[in-house]
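After this come two complexes, each holding chain A, first together with chain B and then together with chain C.
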Partner chain A sequence: MTTGFELDGNAMAGDLREIFAVDLTEAVATCAGCGRPSAVAALLVWGPAPGLVARCPGCEDVVLRLVRAPGRAWLDVRGAVSLRIALPEESVAEGPA
Partner chain B sequence: MSIISPGFGGRRRSSAPDLPPGQYLTHDFPVLSAGPTPRIPLERWSFTITDETGARTSWSWDELNALPQEDFTVDIHCVTKWSKLGTTWRGVSLDTLFENVESTADFTMVHSYGGYTTNVPLEDLLDGKAWIAHTFDGEPLHPEHGGPARLVVPALYFWKSAKWVNGIEMLQQDEPGFWEEAGYHMYGDPWREQRYQGD
Partner chain C sequence: MTEARWETPSARTLVLDVPQWPGHLPGQHIDVRLTAPDGYSAQRSYSIASAWRDGGTVELTIQRVADGEVSSYLTDVLEPGQQLELRGPVGGWFVWRGAPAPVLLVAGGSGVVPLMAMIRARGDARGRQPFRLIYSVRAPQDTLYATELARRVRDDPGLDVHLAYTRKTPDDWLEPPGRIGVATLNTHGWPPDFAPDVFVCGPTSFVEATADILVALGHDASRIRTERFGGTA
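And now, the complex of A and B:
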């Protein structure tokens, strides 16, 4: 049995709503293959069909995949170690205590 | 072949009875790629079947071409909704390649140069249902269409027919490949319109 968690995913709602409302092409994706950070806008993209495949300009590993179907979409981010997303200064969240 | 592919987003419909639901007929051969086109020198090309114990059976380009060759004519159906009827190919049946492979696994992962993968149940590769094809329409298969060699498994949507194929890995359990991880259907039967997860 999983123990030790205190909240469910609803506790992330505010932060996620804020993050996913921004223009993600300005975010910096760090490639899981080679560790190179690149603006999403600078990734090399193949597509649009069967889906969009965004690759690292350094090593050409897949960083993001986006598949659209009627009424739904899949965003696969396993090729990115992280996405660094710029937020307005006034929205600084409280860090770990 | 036209330079500008009309294959995407088309709303044309055909009344041809041979088309699965939602498909339209094209006479072009649209090119869809998820990455750069690998260029593989034939002297370095190889194809390997790896069984569930890790045992490998490999063929060089010359060895593949020394096996019995088959000419086959099949209809192909892309998940992006184009279909192409009566395409003619030449290659080696997977029945020939699996002749001396001992395995109890029911699933496979197909691997390609460039890192592409796609999962196909073993039974859909055998009994005359799939080939490693190196010739299309009487000509060596062009790199943008998967040359030197691609898998052709026409009963499934064409993303399962991996371009630049270089191996098949036997698996005890079904696992998703490149597009299956990102929303596409694990099996991909065009006659049941299995395009996306949940279809």
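And now, the complex of A and C:
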């Protein structure tokens, strides 16, 4: 059992928002280790910045890793099978009546 | 920063006037970055304490943490008139969007800050959602927003606040000091049948213990949103 983490994915919101066009902390990441879906905000995060490691709250496998440096960022997502990102419903264009 | 006020001997609220601030939702954060003359920089994420009003200010309440290189600068060094490097608002998960469901807020220490933003937003909007706050705090003098919470319990219909002291209680208090447990959450929270939206914020161990109890009491885990903060923020 790994202990000693201090934060959760809520604290990654700012760095992820610089990379993605949407708020990624609301996205649901499915853990490649155990298959458990979790909001990115609910992942357990070890720091300190600029290198953050986000682990699954179920099995503690690494789901995301984010390293921020001046002018660039590395995002390692190999611990996630998928990221489900909610998008606003597209308004269906109405044809001529 | 336009102004600052002490909430307790170790927690200070910073009032920020942020140009072109787009507004924020209760529960969102700001990232603060401090950079030393030699280029060393440190960044921390802080919950916003205030509810947004057009043209208004943004408030952060910072709890001084022993060895906290950022928090101690913000509580003890930064003066009104000085500038801060900010990024935000960020975060969209630990956010109350004004849904009609009853709400249970559970705070450990300075974890009350984002929950206070929710209480303030509901109060400003004259919201009717039933709100309950269970606030675990070490001792009476450590209670953030004590005066405002007492006023809002009187003036904001449907808001209840229960304080749970872990080390020292007021003199006339009936309960002995102790950590939040099953009895506190059962007595002062909402029954699971009410399907409340639950927000829990505090140190990691507090959040884990509280969320486990709520699930054991029958609350739907998918309605429980948590935010953990570290000891060095």
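Going forward, the second predicted complex is superposed on the first by the 69 of 97 C-alpha atoms of A that agree within 3 Å, B and C clash if a C-alpha of one lies under 4 Å from a C-alpha of the other, contacts with A are read in each partner's own complex, and residues count from 1 in each chain.
Definition applied: a contact is a pair of C-beta atoms (placed from the backbone, for glycine too) under 8 Å apart; a residue touches a chain by one contact, two chains touch by 3 or more.
Just so you know, these numbers come straight off a predicted model, no measurement behind them.
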item: First, second, both or neither for A:D23, with chain B first and chain C second; value: second
item: Touched partner set for A:V62, first chain B, second chain C, both or neither; value: first
item: Which of chain B and chain C A:G51 touches, first, second, both or neither; value: first
item: First (chain B), second (chain C), both or neither touched by A:A13; value: second
item: Which of chain B and chain C A:D76 touches, first, second, both or neither; value: first
item: Partner chain in contact with A:A32 - chain B first, chain C second, else both or neither; value: neither
item: Intersection of chain A interface sets (partners chain B, chain C); value: 47-50
item: For the chain A and chain C complex, residues of the former touching the latter; value: 5-11, 13-14, 17-18, 23, 25-26, 39-42, 44, 47-50
item: Chain A contact footprint on chain B (complex, rising order); value: 7-8, 32-36, 79-80, 115, 159, 179, 181-184, 195-197
item: Touching residues on chain A, where the partner in the complex is chain B; value: 46-51, 53, 55, 60-62, 65-67, 69, 72-74, 76, 78
item: Complex interface listing, chain C residues touching chain A; value: 29, 31, 42-43, 45, 87-88, 90-94, 204, 225-232
